[in-house]
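For reference, the structures are reproduced in the following blocks.
Two complexes, one shared chain (subunit A), two partners (subunit B, subunit C).
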Partner chain A sequence: MNYSKIGTIEGICLIVIIIFNHIVLNLPQSITDSCGSSSVLNVLYISFFMFLLVLLIIRLFKNFQTQDILDIAEYLGGKFLKYAVGITFSLFLIFTFSTLLRNFSEILKIVYFPYVPMGFIVVLFLIVVVVINTFGKKTVIKANAIITPIIALSLFITFLLVGRSFSFERILPILGYGVKETFLTGLSNLFAFNGICYLFFIMPYLENKGDFKKIGIGSVVIISIFLVLAIGSLLLTFPFVKFTEALSPVYLIIKTAKFGTFIQRPEALFVLTWILSLLSYLSVGLMFLLIIFKKLTNVAHERAMAPCFATLIYIAAWIPSGMADIRFFESTLYKYSSLIFLFGIFIPILLLANIKYKKKHPKNMVSEGGDGNEKLS
Partner chain B sequence: MKNSLKTAILAFLILLGFSLSFFGAFNAKNIDNLAYVVALGLDVGETNNLKLSLQIAIPSDSSSMSGSEQSSDSIVNSVECSSIESGITLFNSYISKQIDLSHCKVIVFSEKLAKLGISEYLYTLMNNIQVQSEANIMVCKEDCSTFLKNSKPLLEKMSAKYYEIALNSSEYTGYTANITLGTFFSDYTDTFQEASAILASVNTQNTQDLEATQGSTNGNLDGNYTAGETPIESKSNIENMGLAVFRDDKMVGELTGMETLCQLLLQNKMKSATITIPSPFEDDKIIDLSITLNKRTKNTVKIVNGSPYITSKIVLAARILSMDKNSDNLDKESIQKIEEYANQYLESNLLSFLYKTAKDFKADSVGFGKYAVHHFLTWDSWTNYDWLANYENSFFDVEVDTKVKSGYLLMES
Partner chain C sequence: MIATERPDRSSNSLLEGRVVVIVNGSPYALIMPGVFIDFMFSPEDRNLKHQFANFAKFLRILAFIITLLLPGFYIAITNFHQEAIPTELLFAIVASRAAVPFPIIFELIVMELSFELIREASIRVPSPIGPTMGIVGALVLGQAAVDASIVSPILIIIVAITGICSFAIPDFSLSFHCRIMRFIYTIMGYLIGFLGIAIVLFLHLTILLTMKSFGVPYMQPYLPLKSFNNKGLFNPPAWNREYRASFLHAKRPRRQENISIPWKTGNKHGKEKTL
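Presenting the complex of A and B:
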């Protein structure tokens, strides 16, 4: 069966849109908080580390070329492990989307709509996301492939515009808070590559299985470039003690950027692209939630569940009582849950499944689990 | 495949339409409900913590009705209040329009308030969504209300436009600098340097008589004025000249026009300027030079026995402006003499400026800290050294290399 599926560009866009949204909010801030002036060095270091890790993931998926992590979990530990992984990851996604949505809505409210009820902004986002998901996965993926380059360009222009304010000495002292903080505890900043978690779910939808390698490597390279640009811009423009409590560091950067005397408020234009970015991110996120739900329940029409998940995200968005809670959720809960999923669940499952596979098939390298192809609808 | 692309484009358009709908869809405010502030002044209050002065733009159709003494396109009002926000609330209830700071071009602190400390006001302004980080920061020598009332654009009709372009003169005089709220706040929070603000004052005959007491050793006064002292025969108006230097959040001193030029030279921010040096050929004569930076200024900092040793090498290109019938300035030997005199003149001014910042102000207004930080590997070692406190122990060495290229139209008379 050969269906029209996800290509390389679409796959990369699915992963990098996650990071773009976190870059616009407080990802750069979380990293600079932990490493100080050595943040750029730390990002280069974790990028290299992540690159090696993605090569490992690509290698480990070679025996499971038609399966996602839920299929592999089932192969390794039966239905129980599949359900455990699926449900916990779904909860993590709901928590992540709700926190990010709330964070962005808070910023929109503060900056542009001080008199509009928060619930109204949140609901507007979710309605659009549900409508987009009713068109189907292919639509979400292709729309995301249109939007992601626009966001990439807007971020790139933002960083370029503040170039005149750069003071390269701000990356000094080169070791920031210290060697340990940069290279050892700084490894926890691998959470910045959280989008790689989605790599574990896209294998069955790939048009060409060889694209998996390109998507993995391409995503890491693009994420690394934008992380370096975002953190570099922030660090080189402001004293890093300044923005420890900034609403959105990238918003702060764009407020500083100048387009001459003709355009004095460039931030409005960029906020437009960031709204698009959040919508695309939430659409992709809801799509993955529906994919997982379908895998776990085998329902025929999973799209009907989109409003239910949107409602769950809406309810979860009210858990943080204010920006302080949102910051705590993002800088602590999100950070460590991402690391737990990536290093504590997905990679160990993949490793153990490979060991099991090799024990079962000492020389046979044929893929397990039928054709495993999933049709995008 | 075609259908999926169509649906994707439809989805994209829905997303874009939704994003666009955010712009103004819920915004009930419009220009009739808002009062736009073009300048905001903060002063020490007499009956309360703060005296807040606002220069508010008058919409063009009603500007002709204004009979106030300030420029006709705006009014200046003041209120004694406990904080900026409470003052704005009092204004809101008084003028029946909502004060909007998004077009505020200038934030003025009175010298009195600046000497007491402005930290809380800086953070409040930075926290305000409407205030732009591009707004200029000024310190005025008199109370802010008087200062704003005397802000009468000479060659501009609109106060906002006047404030916007008034500081462009720093690009060709070097006697002041274009310092914004963003850069001021950045310098204030930085560990590399201290902040400085634009020094401004109302220039009247009284301020000229009172304050024009300084003079350079060679009798050249032109660059040695600070704001309000320049002997200009004109109606009272505001003047930006020199800088106000801060240590932490408190103003500790003033820089004259020439000292400001020195700071800009050391910071690589000087675009072009005119300096007046004693003539090497005739006593009591002077030569005017137009200078630009020929290369980036090279600053280095070494830590010698715990004290900073700061060296600067400035390379300038100069053109001779002043000519008279006896001028014979452009043969090789004469040019060499002029270059030597220019170098000596600038070196002595630069050293005097640097020791003034280190010994009198104890404030690194140039930002040499960013050259010193190379010697430290970790943030802890840098903060433990405490550059800003150690700056007062600095000693300096300055080398100026001026290359006189020629005159302009006349080569020699």
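Presenting the complex of A and C:
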């Protein structure tokens, strides 16, 4: 029994935890800002689109079943492309984590810790994440596999509890801001599935290569369900006019939840689960940063770099000067950079690598690898 | 390792595929490997109907969670997250604490330490006066402290429930672990509320996940997720205990025949046919 490889559920949890954290913060708001009352329709549309995309990714990975995107980039364009992809994605990850961490810390400071310095809250998260990563990849993956179902359950309960506040007429007009915004420009909301980027890195760590398909499809299905629930809850509870609140929409939704006279203001309990979710997400993210670092530099003990990356995340967290900057970073910079990585870098690399592989291994010749996997020269 | 004085538990563990070490001079038999769920297991569970055993196991797991988290939650909610408490209960708590001059952390630490002292003292007290010691301790520390406005009544309830739940944990060493960790949760809850509790909970979980008992991950079979085979969260019925726990890698994974109740077979009309 191999305890060091990732199983199906662990793989799904690795990808899905990313979307849970973004749902808790500003993702639903970003989508409703772009589509209005047709956000649910838009989410169903992009979910279908992403499902087809994941099927394509699974098919493209068939020839590279023991390699991740960095190995494939090296196969395609040599070490230059490998380093270019690795470094830019690492910078993207640092930017993402710092923005998310800063956003969540701002919310905690506003609600619970008005007199606590912001830096203290950010440092506290980063210290825990660094400590967790010193225990190794397996521990981070296992901890994430325990936390993610708890977060999923808490989000599900959130959406159930606010059901009483729903006004179904808020779904009208059904096409929101229009057909173009819903189906054309609304495609940019594919950034909500940014967690799929991690799919490109987990292949070498899977216990069974056949699990890759299950992980891809399972992740998309679960992300779609929770996106629909989150957007639907937000849309049906509040009017889709632009939010000017500094707090997360899901936090504002749960503040309206009531169940009898005993459960009156349960948001604090859900904040506990969201903190766990953020810790898990940051641990997973730092783990991937260390994996990429190890791939690029071939160091023996990459865990020693965890404090360095944490320091970079801390420094980057101070770049936004306030909530307005954070909103801009999340709704614009993060959105378009996710799309660039997914559609502009990873998928084209996969496509071109497959074309190169097919040219080297025509169908009537036996491949060098013997099992369909290309060996790196 | 599981330490037990019960011969039935040791012999059943041997039949499961574990290793038992008995040392001359020690009253305990050491059983290995021991995963987390084994410490929630009581030897009586094997002899009860599976519904009763599972209910008892559920109560023990609930007791584990309560004894670990209740004081920390209470102090975090009263200091940082008062909105989580229903309004009427919040008024009652505030009213009960109105006459108490000490901060809540001081009250909680004093009461917890007192409870631990009583527990430790009652181990060594001669048996004729043992029950009296418990009653006097409870009365003196509980009622008198409330009357003197040293602690609030709600805190006595919290400490009492926490203590009772710690007694519900079958294994002595796990109970000790909870008693120590509870203080860490309490202090972090006092310092930074639910953020502190979440941090300690995450770190605690991670440390449990890194532990191994003779090569078997401590949180097996939940993580990494493998087939349960009779060592999952709840006990299957006696007729379904056909396999040994898969994480034990026993030479013979199957321990009994496929149908262990051959005297009952159903015919095509759905009536039971006795042989």
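Everything that follows uses one rule, which is that the second predicted complex is superposed on the first by the 354 of 377 C-alpha atoms of A that agree within 3 Å, B and C clash if a C-alpha of one lies under 4 Å from a C-alpha of the other, contacts with A are read in each partner's own complex, and residues count from 1 in each chain.
Here is the rule we go by: a contact is a pair of C-beta atoms (placed from the backbone, for glycine too) under 8 Å apart; a residue touches a chain by one contact, two chains touch by 3 or more.
All values derive from a computational prediction rather than experimental measurement.
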Three-chain arrangement built on subunit A, subunit B and subunit C clash or fit: clash
Touched partner set for A:Thr256, first subunit B, second subunit C, both or neither: first
First (subunit B), second (subunit C), both or neither touched by A:Pro266: second
Partner chain(s) touched by A:Ile9 [first = subunit B, second = subunit C, both, neither]: second
Which of subunit B and subunit C A:Gly176 touches, first, second, both or neither: first
First, second, both or neither for A:Phe238, with subunit B first and subunit C second: first
First (subunit B), second (subunit C), both or neither touched by A:Phe346: neither
Which superposed partner A:Phe95 touches (first subunit B, second subunit C, both, neither): neither
Partner chain(s) touched by A:Phe104 [first = subunit B, second = subunit C, both, neither]: neither
Subunit B or subunit C, by number of subunit A residues touched: B
Single subunit B stretch clashing with subunit C - from 2-10, 200-208, 308-316 or 380-388: 2-10
Touching both subunit C and subunit B, counted on subunit A across the two superposed complexes: 108, 112-113, 116, 124, 128, 131-132, 135-136, 139-140, 142-143, 145-147, 261, 264, 268, 272, 275-276, 279-280
Subunit A to subunit C touching residues, read off their complex: 1, 3, 7, 9-10, 108, 112-113, 116, 121, 124, 128, 131-132, 135-136, 139-140, 142-143, 145-147, 261-269, 271-272, 275-276, 279-280
Subunit A partner contacts - residues on subunit C that touch it in the complex: 77, 80-81, 83-84, 86-88, 192-195, 197-199, 201-203, 205-207, 209-210, 217, 219, 222-226, 246-247, 249
Residues of subunit A defined as touching subunit B within the complex: 4, 36-37, 108, 110-113, 115-116, 124, 128, 131-132, 135-136, 138-140, 142-143, 145-147, 167, 169-170, 172-178, 238-239, 241-242, 255-256, 258, 261, 264, 268, 272-273, 275-276, 279-280, 283
Footprint of subunit A on subunit B - complex, ascending: 1, 4-5, 7-12, 14-16, 18-20, 22-23, 26-28, 129, 132-134, 164, 182, 185-186, 189-192, 370-371, 373-374, 376-382
